[in-house]
Each structure stands twice: as structure tokens, then as C-alpha cells.
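Data block below; observations after.
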Amino acid sequence: MSEKLLEIKNLYVTTEKKEILKGINLKINKGEIHVIMGPNGSGKTTTANAILNNPIYKKEKGSIEFNKEDITNLKTDEIARKGIFMSFQQPEEIPGITITNFLKYAKNKTTGKPVKVFEFREELKQYMEELKMDSKNIERSLNVGFSGGEKKKNEILQMLVLNPKLAILDETDSGLDVDAIKTVSKGIEMFKNDENAVIIITHNTKILHSLKVDFVHILVNGKIVKTGTQELAKEIEENGYSKYIEKEC
Amino acid sequence: MKKTEIEEINRNIYNIKNKDEYDYKIKKGLTPEIIEEISNQKHDPKWMREFRKKALQVYNKLELPKWGPDLSELDMNEIATYVRPKSKLNNSWEDVPEDIKNTFDKLGIPEAEKTSLSGVGAQYDSEVVYHSMREELIKQGVIYTDMETAIKEYEDIVKKHFMKCVPVNDHKFVALHGAVWSGGSFVYVPKGVKVDIPLQSYFRLNSPESGQFEHTLIIVEEGASLHFIEGCSAPKYNKINLHAGCVELYVKDNAYLRYSTIENWSKNMLNLNTKKAIVGKNAQVDWISGSFGSKISMLYPMSILNGEGAKTEFTGISFAGKGQNLDNGFKVVHNAPNTSSVVNAKSISKNGGICTYRSSVKINENAENSKSSVSCESLMLDNISKSDTIPVNEIKTDKVEFSHEAKIGKISDKTIFYLMSRGISEEDAKAMIVRGFAYPISKELPVEYAVEMNNLINLELEGAIG
Amino acid sequence: MKELTLNETPVRTAKNYNINDIKIKEIKIPEKIEKFKNVIIKKETDKDTINENSSKLKLSYGIGKELIEQINKNSNNNEKITINSKTNKKIIIQYKLNKENINLIENIEIIAKENTKSNIIIKYESEEDLKYYHNGAIRIKSEENSEVNVTLINYLNKNTYNFLSIENEIENNSKINYNIIDFGGKSSITNFYTNIKGNNAQNNINTIYIGNENQLIDLNYIVELRGEKAKTNIEVQGALKDNAVKHFKGTIDFKKGSKKSKGNENEFCMLLSEKAKLIALPMLLCSEEDVEGNHSSSSRKSRCKPDFLYNE
């Protein structure tokens, strides 16, 4: 039997006094890829932010357990150090901090070990090649002046370097062309093994064409209304969410 | 953990307080007799004696500025304007008295001299105690010495340039400087000579209730180039110390000068310094300025672009913490066609600190086809601090391209969250963002000074945010 | 003959920058002043009221002490407007200076009641080419949830002194928008001050000016943000021809408490002659951390000949 990695129990979350999540339950085992789909505003990004305890999202009820430890109220950096990573929908631009320095620092923090400079550079170079990123970019300021696609690839690069136990990819595929989506799914395949897990948050199904997933959850109006397999994503692709939205109303 | 220890040591470095030992300390105050006595002590030539006397008269006539920080706590009757250290001028560190040498050792000056400088001057209180330059530069005719020696050995050049770029009636503290100046560096780079490795003068004020009034005079002849670095610090005392130095830079046709400063005076210092450059045809002066110390600072380096095609760039950062009022900026006058100026100014205010960017860009009638672009960015780290941007732009010709941009804001919560999601603590995330903010300045500095600046930022941020 | 010192900046800077204030030399301030008769007032709804009971001026800034006193003592036109209508109805006030009405000293007070919306147009014109004198004050208070749209048009001739003090007070969820067309006057001096008191309150200003001949334009705009999530946007654009001189002093002041507020200021000046001059002092003052302030100012020679600007 596979080992439980993350469990969200009956999670209620508000932001700016508005209730977004209304009782989410989700269990993820090591070695699994989960997809959370849903129309705009259904609470997908909120779920990701709540797992990382972004202070602008307030947990009203419920709990989050990671590796048998309650992480509900830990600080974001502590959660990250436990091994959870999130790829941002809109990665922040940070002038004056190069990708190399940033990743070296973050890797040192997440592993708690000193980073060997030479090996680290080689690793970085290799990943960048795989992701078809320009290796000159490593000396550029983090995300500054990057195109949408470059930013998303840079998130995947960070995921590979930091090698978390759980990676949450929030709309990493959105706004990307077919080639870039392929590169991103390649990155996910490189990352994935039996000991870790991935949550892919998306509102379209394109990325699922080039990636095999274990579970698909449909999130509507703050609740998971249906859980299925890859077949469910196909159904959504054909029929949209209307069936589930009506059910809600 | 290790990092914190280093920072602790760093703080102590700047705060090394030697015993207030001196060879001679003039009595406090500002009278014609005291000025006369300074001249006697320094064996001034006649013209300099006269100059000091006149400057004192100008000082007495001029009013305190009616703008900017409040200077009313400055009482010249409580300031000793001349303190001669217990050391003669040496050209070997071995000969510098132990406690003074130790101070400079801890500030890393002799070490930097070995690795990354081609010449060093070190001033302690009112006099320069060490001066040295690499042999090959001496052979090329470069002069780098203290001002006292310069007056004796290069009197004609000094007389021709001394307080001609910064006239004595410029403002009250320039007049004060003219009356009581002592120490500082004289640099002369002959025509066509390129000094690739920087020269550095370091100014240390140890004596309490005193002032430092060093005069820096740099002449870069046609087609020559130089990078000059100025560093300064002092231990903290309870009473006010005063720094009213003067820097005069003559950058002749086709010459290049880069003037870098890391200012880290103690927080009881009033830093009322004046710096000006006269820039010739197709010549360029670049100012790099990091302002971290002082209780009050009023510092506006100025470039006067007199030659056609003259250029200037200013890259500066001010960081004001508790009890600090840093009123800094830049001034430029475009006096000839095709001149250009680029300003990139940043400031950080925290813990009640006040940062003001005050500037003036003047483009005169004859400065056709000139360009000026100014960018200011201010970061507020809390809501008990203050950050003001006060730029005056005066344009007197239509054939000009001028733009000015300013931004004020705080570190965005989103950015902090992004960094924290990568395992970086909130405090480290903020420090990282601030270092990134300061990067355009630190990248212009030689690497050890960039490291020093980043350490200062970490030091300033320690425990203050979170 | 007198010398007036006007439009002092809220923060002083070095005297030799000549921007701390503006001095108007050898000006004759009219003393005997008759009632101003050539004013046309139109309104679209009877819900809004207009009478002559505007209150005495007590300004936070104002253009200058003497001129404010003159309005309090000698105003020859007083308009108190109370907006009650919610439907953005127009009110038009049109002053025409002519040989019977050479001095205009008006005191306009506008109160926009809660939940109202209004559109106010104030126009200053001159008929013959005489030397006129205008010294006015416009105060607007917008109560909660109200919106006031103001258009000010200055078409006075180039022999005339034009002095104007504007003060606004904006309460919660209210908005005052200004469009200012500043074309006239030998010396056209405007003092504009807004206190954004309320939360979610806004003040937007759009100014266009043209200076020609020996005209002097001195604009001193100050917007203070006190409420949370307050917003201001100041756009000032213009062109200078001949020997015209323009001073622009624009201050956005984030006071403590103005959390999550935004302030923007853009100034652009086109220089159309070698002798035209400008001084700009766009200030950002900030005592609150969580705000966004931006300003930009630029000037250059015009790349095309903007004839359209002169088709007055």
C-alpha cells in the first residue's frame, strides 16, 4: 500500500472576508499525480495558497497534514522546508537577484546543507538544457524581463533544483504554446518518482495530453464535486463544467 | 549562525573607539584667533592664511540653509576643528602608531591596498597618517599625496585650483571648510595616463566633539582616467561630530573619472559635505555613492558639464535608520551642447529614518541637444519612517530630451510570499529584496566594497524588520 | 504698486532654484470693487441650489495671504452651490470680463451632498483687449459617495492677471475629477489643494496649458492623501511658445494612515521655442509604508508642429 503524503481535511478558507473554500478534502499518496480542475474562481489557486499558508488566505476550519505532521499553521518558509513547492501562476520579478544566487540560497535553506558551487552549476546547466532555457539567463535577475513562457519554465527549473516531496503547479500550463507545454510536462516527468507527488492545477486539459495522471478532481465553488481518473478530464474536455456547475446551483 | 557572528564583528569594527589621544587639539569654537592658530600649526603659506581669514568672514555672513534638515543642534562653540593625531605622515604601515594602525587594519585598508588598490591614503582626525602609491604610477607622473604636502610641493597647481570649483561662498559650510580645512588628498593624473586600479583615501574621525574638514583635489588631465574611492567612518559618541569636507574634481577634455564613496559615519555625525566636478569636452565623471551613516547628511554631489559632449552619471543609495535624516541627491548643470546626464538614485527608510532625495537638473540655453534622464526609487520598510523626493528641473532650451521618474513603495507581500515559498525566512526574504534593490549601486563598486555594502545592509536590517 | 509672493511650495528647497514661490512685481491690486455683473449661470435641475451665501475662506493653502484676504473682504461675486441631484446634471458658470466688469473677485463654494453626482463647468473669458484682474477661489466639498466633475476653462486675454485658489475636501467613497484648460492670462497662477480625507476617495486632475508671448504660468498642485485606499492621478500637459515661462510644482503627499493608497503624477511639456523656459518640481512625500507613488516628468522639443494646439 502506498504511503500517505498530504491530507487536507474539511478545509474552509476565506480571503478578504469572502468564503472561497467550503470544505475541501483531499488525500495524496507518494508516487501520485493529481489534477485539480475547475472553472475560474472555483478556488483552485486558493487551495494551493492555503497549503503553503499564504497569510492573505485565512483558514477558518479544517487541517492540513503533511508526512504525518500537522502543517496547517506553519509559516510558509517552514512548509517549504518540509518539502512542499508551488509553481506560481504569476511568478514575481525580483530585480538585482540572479537566478543562480537565488536558487543556491533557496537550495541551502530547503536542504539545510551547504551547496557545492561547481556541482550546483553543472546541475543547473543540465536542467536548463532539458527545459530549453537559455543558459545565459542564470546571471539575469530573477524573472525580470522574462516572457510568460520563460517565467513558467523558470518555475519548473526551481522545482527540479529544489527537488521537493510535493510539487503544486498552479496553472503552469496556462498561456503556453504546445511546445512549451511539452517542455513543462517533460520537466514534470523528470521530477516525478515513487517517493514524491505532484498536484497540477489547471483550467484546461491540454497538459494532460502529454502526461499520465492518477486522479482528476473537479473543484466547483469551493468544493470538490467529483473525483475520477484521466477519463474524467476527457469528459470535461468534451462537455465542459456546466454539468457540475448546475449541480451546485 | 555563523553569519550573525560576522555581522556582530563588523558593527564593532566601525565602532572601535581609541583613546582620545592627540598631539595637538585646538580649543573648541570658531574665532579669528583659532583660525590663525590652525594656520600656525599647519605652517600655512601666506595666501592660505589670508584665504582662511576671508572664508571665516564669509562663514559669519552666511545664514544656515532655510530648507532641509534642522541643523540647530550644531554649536560650533562645542566643536574642535583641528585635532592633530600622534603620528606624522608615513609611507609604510609599520611606522604608523599601533592603535591607529590597528584601526585601519580592522577596517581592512592595508589588506585592500595589497589586493585591489594602486594607492592608499589614510587620514586620522585632522591629518593624513599614511600615504602610498605603486611605483609604476609614480613613474608615469601620477601624483597622489596629502594636501599639506601638495601645498608645499605643487603650490602653483593647488593655488590655481583650490576652491575654484567650489567657491567659498557656495554655502555656509563650504565657507567653514575654507576656514578650517585640514588633511585630504591631492591627485594629479597627467595627460593620457590611465590609472586602471583604483586609489583610495580613507577618513577616520576618532576624536569626540571635533570636526573633520578634509579637502580632496583631483585633476585628471586630458585623455587620462582614474577611479578614486573615498571611505569614511567614525565611532559613535553622545555628542555631535561634524564633517564638512570638500571635494573638487577637474576632469579635463576626453578624461574619465569615477568617484566612489561608501559613507558610514557614526550616527552622531553631521555630514555636510560638498562635492563638485567640472567636466570638459567629451569627458565624463561618474559618481557612485552609498550613504549609510550620519545623523544628518546633506550631500549633493554636482557635475558641471562645461565641455561639449561632456557626460555624467550618478548612481546612489541612501539608507536611513532610526534617528537618521539623510537629505541626499545630485545636481547637474548642462552648460554646453550635446551633454548628457543619467541619474539612478535609490533610498531605503526604516525604523523612523528619513530619506530625502533632493536634486537639481539645470539645462541652460546653450546646452542644445542635451539629454538628461533621472530615475529615483524609494523603499519604505515601515510606516514610522519617511521618504521624500524633491527634484527641481529647470530647462531653458527646446532642443533637449529630459525625463524624470520617481517611485515610492514598499516591499510587496506577494514577493515576500514568493521567496518564502522557496524556504527562505521572512527576514532573509526582505534582506534579499533590499540587496537586490541596491544591486545597481553595488555592482558599480569594486567587489570588496560591494560586499561591505551588502554587509552594511544586513547590519542595518538586522532585527529591524519581520 | 506692490510685490506679491505667491504659490509657496509645501516643502522648501534651495533659494537659487527659484521655485519655492513666485514673485509678481509691480502689480496694482484693485481696491474699489463693484459688483461683477457679467456672469451667466445655468443649471439643469431645480434640485441643485445656487445662492450668494458662500462662507468666508479658511484655506489650508491658498495662493497667498493678501489675495485670500482680498476675497474675504472684497469679493464681487459669491456663489454657493449645493448639489442634491444624483443624475450628473450640468451647472454652468460663465464669467465674461469686459470694460464695465474689469475686476472679478469670486468666491465659489460647492457642497456635493451624499450620494450625488454633478457636472460643473466654470469658464473665464474676456471680451475686449483690456487689462483685467481676476482673483478667485473655488472650494468643493464632496460628501460621502458623491462624484463631482469639474471643468475649468481659462480663456482670459494675455494682458490679464489670473489668480485662482482651489481647495477640495473629499470624504469616504467620493470622487472629484478636474479638467483644467489653462490658456489665458499674462500671469496665470493657480494654487490647487486637495485633502483626500476619506477612504476609497479619489481626486483626478487633467490639466492642459499653453503658454505663449511673455506669459508666466505657475501651477502649484498639492494633493494630500489621508484616507485608506485613496487615489490620485495628476496629468499635466502643455506647450510653451515664444518667451513663455512655466513653473510646475506638483506634490503628492502620502500622510500617515493612507494605507494602500496610490498616487500618480505625469507631467509633459513640449517646448516650441528656444526662449521658452520651464522649471518643474514634482514632489513625492511619503510617511506611510503601504502605498504606491509614481511620478514622471519629461520635456522635449516637439517632433511635429502641433498647429492644432493654437486653433483656439
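Should a chain be cited, it is by its letter among A, B and C, assigned in written order, with residues numbered from 1 in that chain.
Definition applied: a contact is a pair of C-beta atoms (placed from the backbone, for glycine too) under 8 Å apart; a residue touches a chain by one contact, two chains touch by 3 or more.
Predicted model, so just to flag it, every value in this text is computed and none were measured.
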Any chain that touches chain C and chain B: none
Of all other chains, the one whose Cα centre sits farthest from chain C: A
Most central chain, judged by mean C-alpha position against the global CA mean: B
Distance between chain centroids, defined by C-alpha means - chain B, chain C (Å): 42
For chain A paired with chain B, centre-to-centre distance based on mean C-alpha positions, whole Å: 49
Averaged-CA centre spacing for the pair chain C and chain A, given as whole angstrom: 53
In the complex, chain A residues that touch chain B: 52, 54-56, 75-77, 80-81, 85-86, 88, 91-92, 94-97, 102, 105-106, 109-110, 141, 158, 162
Residues of chain B touching chain C in the complex: 65-68, 358, 360, 365, 378, 380-383, 385-410
Interface residues, chain C side, partner chain B - complex: 11-15, 17-20, 254, 256, 259, 269, 271-274, 276-301
Contact footprint of chain A on chain B as seen in their complex: 412-415, 417-426, 428-429, 432-433, 435-440
